[in-house]
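I am attaching a structure below and will ask some questions about it afterwards.
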Amino acid sequence: MANSSDIVLEVDGLSVDIRTAGGTLHAVRDISFSVKRGETLCLVGESGCGKSMTSLAIMDLLPKAATKTARRLAFAGEDLSRAGKGRINALRGNSMSMIFQEPMTALNPAYTIGNQLVEAYCLHKKASEVEARERAVFLLGKVGIANAAERLGQYPHQLSGGLRQRVMIAMALMCGPELLIADEPTTALDVTIQAQILRLLADLQRELGIAMVLITHDLGIVARIADRVAVMYAGQIVEEGPTASLFNAPRHPYTQGLIACIPVPGRTEPGGRLGVIPGVVPSLVGEVRGCSFRDRCTKAQQACLDAPPVRETADGHRWRCILENAA
Amino acid sequence: MTALIEAHDLTRSFEVSRGMFKGKRTLHAVNGISLDIRQGEVLAIVGESGCGKSTLARMLLGLLPPSAGAITLEGQDIRSLGRKGMARRVQPVFQDPYSSLNPRRTIASIVALPLEVHGIGTAAERRKMTIEMLDKVGLPQRFADRYPRELSGGQRQRVAIARALVMKPEVVVCDEPTSALDVSVQSQILNLLMDLRRELNLTYVFISHNLAVVEHIATRVAVMYLGRVVELAETAALFKAPRHPYTKALLASVLTPEPGLGIPDTGLGIAFPDPLNPPSGCPFHPRCPERLPQCASVVPQILRDETGAVACHLHGQGPAPH
Amino acid sequence: MIGYILKRLGLALLVALAVSAIAFFLLRMSGDVAIAIAGEGARQEDIELVRRTYGLDRPLVVQYVEWLWNTLRGDFGTSIYFKTDVATLVFAKLPTTLLLGVLSLGFALLVSIPLGVLAAVYANSWIDRLALAIAVVGQALPNFFFALILVMLFSITLRWLPVSGSKTWANFIMPTIALGYYVAPAFMRLIRAGMIEVLSADYIRTARAKGLPTRKVIFKHALRNAVVPVVALTAVQLGFLLGGSVVIETIFALDGLGYLAYQSITFKDFPVMQVIVLMLSVLYVLLTLAADIANAWLDPRIRVA
Amino acid sequence: GKSDNSVVMAYDQAPESVDPFFNNVRIGVIIGQHVWDTLIYRDPITNDYKGQLAKSWKWVDDRTLEVELRQGIKFHNGEEFDADDVVYTLNFVSKPENKVTTQQNVSWIEKAEKLDKYKVRITTKKVFPAAIEYLAGPVVIHPNEYYEKVGPAGQNDKPVGSGPYKVTEYVPGKSIVLETNPDYFADSPKPKPTIGKVEIRFIPDRQTQMAEAISGGVDFIMHVPKDQAEQLEAAPHLQVVSGETMRIVFMQMNSQEGTPAPALKDERVRKAIIHAIDRETMVKEIVGKGSRVINTICFPSQFGCTDHGAPKYPYDPEKAKALLAEAGFPNGLELDIVAYRERNQTEAIIGYLQAVGIKANLRFLQYAAMREQIRGNKAMLTHQTWGSFSVNDVSASTPVYFAMGDDDISRDPEVRDALNKGDNSVDPAVRNASYKEALTRIAEKAYAVPLYSLPVYYVATADLDFRAYPDEMPRFWEMTWKK
Amino acid sequence: MTSEPLSLPAAAEPTAYSRLMRRVLGQKAFVIGIGIVAAIVLIALLAPVLAPHDPYLQNLSARNVPPFWYAKGSWVHPLGTDQLGRDYLSRVIYGARISLLIGISVVIISGLIGTTLGLAAGYFGGKVDMLVTFLVTTRLSMPVILVALAVVAMIGGSLWIVILVLGFLKWDRFAVVMRSATQQVRSLDYVAAAEAAGASTTRIVLGEVLPNIAPHLIVVATLEAASAILLEAALSFLGLGVQPPLPSWGLMISEAKAYMFFSFWLIAIPGTALALLIFAINLAGDGLRDIIAPEGRS
């Protein structure tokens, strides 16, 4: 394991419960991971598996109906679950920041982007408006926005989606964060723009040595950008490991199924049948015992009714399954 | 293969108001597209958001009258076919499985709607046909009397497909049928569509922005940019040798799950085009890495040849044949 | 912008025309003005005389066109009952009603904005329920009933406030409350609903993710956006208040447009009725235009680029 | 209040104009009598005529009246009163094109001529013995120079009269302030006022008026309904004064040709209706002190009014039902009733009718609308009141409704002939006999339901000393403070 | 192998009905509101059974008897009598009929007009929409109470005239809400799918659009019913509404206000009844709005 001082974010035993009319929904169930300085961890999984809840729990932005519990939730060694509201506010937007999925709605339509960019900087760095604007112009340039100074006076609706997402990135970088959480930052964008934005993000992250948690459901993005990958299913991390290892030798039946679903030119035959994962995601309301994937798993056994063991290989590739290798 | 549907110089514009104090502007969503859809093929239409794919699809379905140009179905203008006549031969599958099913109707009544409209069979016969159709798309009978909200996205999309196929149409226009679904469900639906095509001898117009899917499913691909078709070719040819710079960029942007390849550099400019203010000349020129001097002023004509068609100054000059 | 405003003014004109025609024919069709003018105890020949002298024996359309023509020239006619120039009469009463309208609106906003914000921020808590209760009770209490209760309480029992008249500012307290309390719930609901929606918007999450303190998130980022629809409602409600002050003005003997309207209705004073209805409709259309402009100012998405 | 020697009066209706010729509401008459003077004054108690602006008058012939004017009287603006004022005023108001509101107050005037500075001759259009009564009532005298200059509109803006009070402030529709005229002539039958200032506020809502009275905001209100007046009596600082008025209440029943309620053509149905209503109880319980039941359609004190020999129809619901059954309505019938004031009394009548099986649907209308219904032969039952303009003669009441005028909906030629005979005679005996004949026939045929006279209730601060008159006219000039 | 115990509860949600019921019952406000409304409806329906006396039977010698809780009151007239000696309890009970009749009839008339206009505007758009928008603006620019007062003053008040006048005046909110709801539904793919299936416009409007905007319709209807009842009360208060001796609550308040300073119960009883009904309808309407709101989102 790397030097523990390199660990920016440490999540241990995080659970998020949401009160709903139908009962308690266990959106995130006892997940643990950590991210080091300069590392990109991708959380991947299908819609509703708890990715966003995880990120919001870290940022303490959960909706009112949701409660989180964690054995440990530490940022740069400081336990966030014990920090007060003021402390969290001091960290948020300052040393840990976040980029949201919808560039169209994540900016306040009533204020200029300049106003929204400098807000956090003035607050956290006690900087003057002028200094903040300078930094904003600098960062807008960095994310590839030409004539940045003029853009500061524009309103979000005057920018295209790609530009807005760049503004969001610049905004997240304003205070020079150590941790950047990006929740599906490109899902709403076109493929060509997506490639540009991801490239930009990856470059900046490397350049600034930020620890990044990138959330996505797109295995293509994961494969190209992540250092490590955590695959979530029904609120749990079912498999986690270095990117290459995970893609080249997936251990969990779910991960395997997922990879087989995607047509890959050259690998899948055009017009041929694609791999499938039968069935649907289980309900997360109420207690889920045993392996949550078992009723969609072709290799399910009686033993799956109990909680599956966590298995681990030497290179830090871990998975939750009764089988050593499902393939 | 014979052309089943032909679109001649289709244009569709909308009057859009851009906020209260500004006047209306004309937006050319589809700008002079000529296409043929051949019996039994899967014609994919790809392009970025807002380039007019859905508008084109709605015109092909007869749901939206073109501002100019005409569509013929086996040589007959679709306007003369009427709503019912079109309905028997061309059917849609929409992108959003949530808004495409009436939440107040049961699954069976949704699927039976076209039969009812056309007055086919008795109620009992319709019920039987509906159940058969549901079975064909992989939905057990017990779903028949449920409501859409009780179904998952993939199941809903199956219902939509069942509704489209219950009248045994020849052409199915699928507007991004899987983009709202998770990958694990997407593959189920894609498999289903391919199976049904073989079984029922269907022709598909398949709209998507997912090039991996398109490559997997299509026989021919039309690439759209800002309301125009910029390139049209057989799938294999297009993916092997794209001719238009935009097609090239599009292909380069595809992120396949292959670790270690990193994020490609598409070389495109970031100036995202405003459809209300389309660039002069070739609409792609502000972003084009291979821009020529005349691109900014001259609209490239479409060049048709045996491999397909392309509209780019890099490929042939002069007016296209016909 | 200019074009838009011109278009809206054109609409106002069309609406005014429609309203004037509706009012004219509606009012004239069901009653004989001549009898109203001739008064109690008048004989048939007196009525006939009145009919002839006032030109009421001509076809309605002719009378309407003439009325319209005169109105366009700025001559609003003479009140049948008060015998004076309608314009003078109406404009003399307008200030009282406007004052009452603006005061009640102010009162309503003063009550509803804090209550609405609180209810939204503490949605589903007891604060929210209390605010809802206040709103629902406010809408359920007929304002005439509420006004009478106020009189009972503050004038008869406590003797704090004068019952009627418009001499001092104290005269306006009860009418303002009675009228304002009735429209406050609509504002409160709108603000609450708007705030709840806005508070769940992505950009609020963005603002919180920046580490902004809650107060700033609510007042800078949320309220600004939630308040946009309130402006439109304000215009509509002011129109409503001007028209709806009939009962309150009657009870509190406030000598405003509402009471004048009530009087002219009871006396079949058609010229006055027509002008009041016309004026209120023009006012309404202009107010909505003003609201749109204010909205545009508040919401940059609508503003001129 | 007593402390500042002023009275605040509240009234529910604003006059359309302060000029007495251009309004037809009671408050207009009240203001008119305070601000202006008439040529002749009728003593409200003795009903004797006295000279006011006139020193004396005499009928030269049937249609010519000569009036000698008092000298040395000044209008509020200093303008001197003389024959020109009288001539100008009478000639102005009698011209139809000047659109005086109540035409019958002035339409009898043919012309007025100046004989000399203090003498005028008035000619009536036809024989019109009631001219004196009108000259003592609605026909006030305007200052000619001022009136000529400003016209009725100016007279409304800044009223100028010669009466005991002058207008010091007037906000139309809201309030009017009257202050004593210090130069009021001493010989006037109206005494020089004690109350220094009278403010009349127009408060449309009766409850608001009551609330003001209770809270001391106003000192004087009138036309208070019986129940409310009795309740207000309980307040220590208030007093209630009531008295009978000449206003009679009755119901017409449309029995003319083409009536929408053919049942009313049947005498038995009409009689049943009269029998159904307990007038005695109504008077006692809801109409109030000062009211009395009437049996013929006129006010008892009016010349020619009598119920001797006329059949009376006591309250007898059983008989009413029997009559209805006899007339072919054993299961009752449904009728509309139009009314325009005293709604609670109409409601009580409806209740009584309901009890004998007549379902009466109320159509409560403005006076004008009601009259339209009646004249258009669309009314069935009408709940009417008539004040005879305080004229103490049957010619001012019964003929209006029974001499085949516009408002006659029984249209019996016999009744008409008898009434006309009375109206056109100067012999009191002939008149009495003719009116009696008419009134008796109306009662026999049960053409109308005679109900009762209306009282008027005043509620005032307990300090004020005043009395109620049948003409519903509070006279501030004679009011004083109690010691 | 798919042995039973291996299956997990699917994420698909419970049946529509049970979910709706849960949401309905979760809405305490709605339950209370609908409960009170139901009670008042029941009282109205059972009026002849429940009322101790004939509501029209007057007794001038027993006027303004106070309710039982006053020293002078008695159980013969539990809520006392009115100014004509009619039993107040019976009149209040029968008054529920009038108020409900007004609320329901007005909503039916105005709902028909407004929904038709709103549907047409939302579905066809373009010129039709412009025309309807113009009509709505014109209608909105005329204050309801003034126009209603004027019209009633001229033709004379009666129950049916009040209902007709209010019905023809209060369609604006229906039109506005139905218009935007229709616009929203019209742009959804299931309408396009029905079109593509060849369904006629009538069929689409009635079969696809109307059922989906019905919840909004119901919410508007409840709120409009409440407002119609209030308006009738205001008209009656000004003496231009329903005519006596009909026991409308508004009319009772109007008649009782003359006695309010000394016999407060006379105004308090119908006032409370009216406020309670409006309160309950609004509560139910609000609750309904909240219940259907999430459905609209999805």
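Per-chain numbering from 1; labels A, B, C, D and E assigned in written order.
We adopt the following convention: a residue touches a chain if its C-beta (ideal position, glycine included) is under 8 Å from a C-beta of that chain, and two chains touch if they have at least 3 such contacts.
Composition by chain, UniProt nomenclature: A, B = ABC transporter ATP-binding protein; C = Peptide/nickel transport system permease protein; E = Peptide ABC transporter permease.
This one's a predicted model, so the numbers in the text were calculated from it and none came from an experiment.
A.B. asks: In contact with chain A and with chain E at once: which chains are those? Just list them.
C.D. replies: Correct list: B, C.
A.B. asks: Measuring between Cα centroids, which chain is at the maximum distance from chain A?
C.D. replies: Greatest centre separation from chain A goes to chain D.
A.B. asks: What whole-Å value do you get for the distance between chain B and chain D if each is reduced to the mean of its CA atoms?
C.D. replies: Chain centres of chain B and chain D, defined by C-alpha means, are spaced 87 Å apart.
A.B. asks: What is the distance in Å between the mean C-alpha positions of chain A and chain B?
C.D. replies: Roughly 32 Å, centre to centre.
A.B. asks: Provide the C-alpha centroid distance between chain C and chain E, rounded to the nearest whole angstrom.
C.D. replies: Averaging C-alpha atoms per chain gives centres 23 Å apart.
A.B. asks: I need the residues of chain A touching at least two other chains; which ones are they?
C.D. replies: Residues 280-281 of chain A each touch two or more of the other chains.
A.B. asks: Pull out every residue in chain C that's touching 2 or more other chains.
C.D. replies: Only 31, 148, 152, 156, 250, 262, 266, 268, 301, 305 qualify.
A.B. asks: Which residues belonging to chain B are in contact with no fewer than two other chains?
C.D. replies: 152, 155
A.B. asks: Touching residues of chain E toward chain D in the complex: what are they?
C.D. replies: Interface residues on the chain E side: 56-58, 60-61, 63-64, 83-84, 86, 153-154, 156-158, 239, 243-245, 255, 257-263.
A.B. asks: Name, in rising order, each residue of chain C that touches chain A in their complex.
C.D. replies: 123, 200-203, 205-213, 221, 224-225, 298-301, 305
A.B. asks: Looking at the complex, which residues from chain B come into contact with chain E?
C.D. replies: Listed in rising order, the residues of chain B that touch chain E are 58, 61-63, 83-88, 90-92, 94-96, 98-105, 110, 113-114, 117-118, 146-147, 149-152, 155, 160, 163, 167.
A.B. asks: Mind pulling up the chain A residues that touch chain B in the complex?
C.D. replies: My answer: residues 46-47, 144-145, 160-163, 190-196, 198-199, 202, 217-225, 243-244, 247-248, 257-265, 268, 270-278, 280-281.
A.B. asks: Chain E touches which residues of chain D in the complex?
C.D. replies: 206-207, 210-211, 214, 225, 227-228, 231, 234, 278, 281-282, 284-286, 343-344, 346-348, 350-352, 354-355, 361-366, 369
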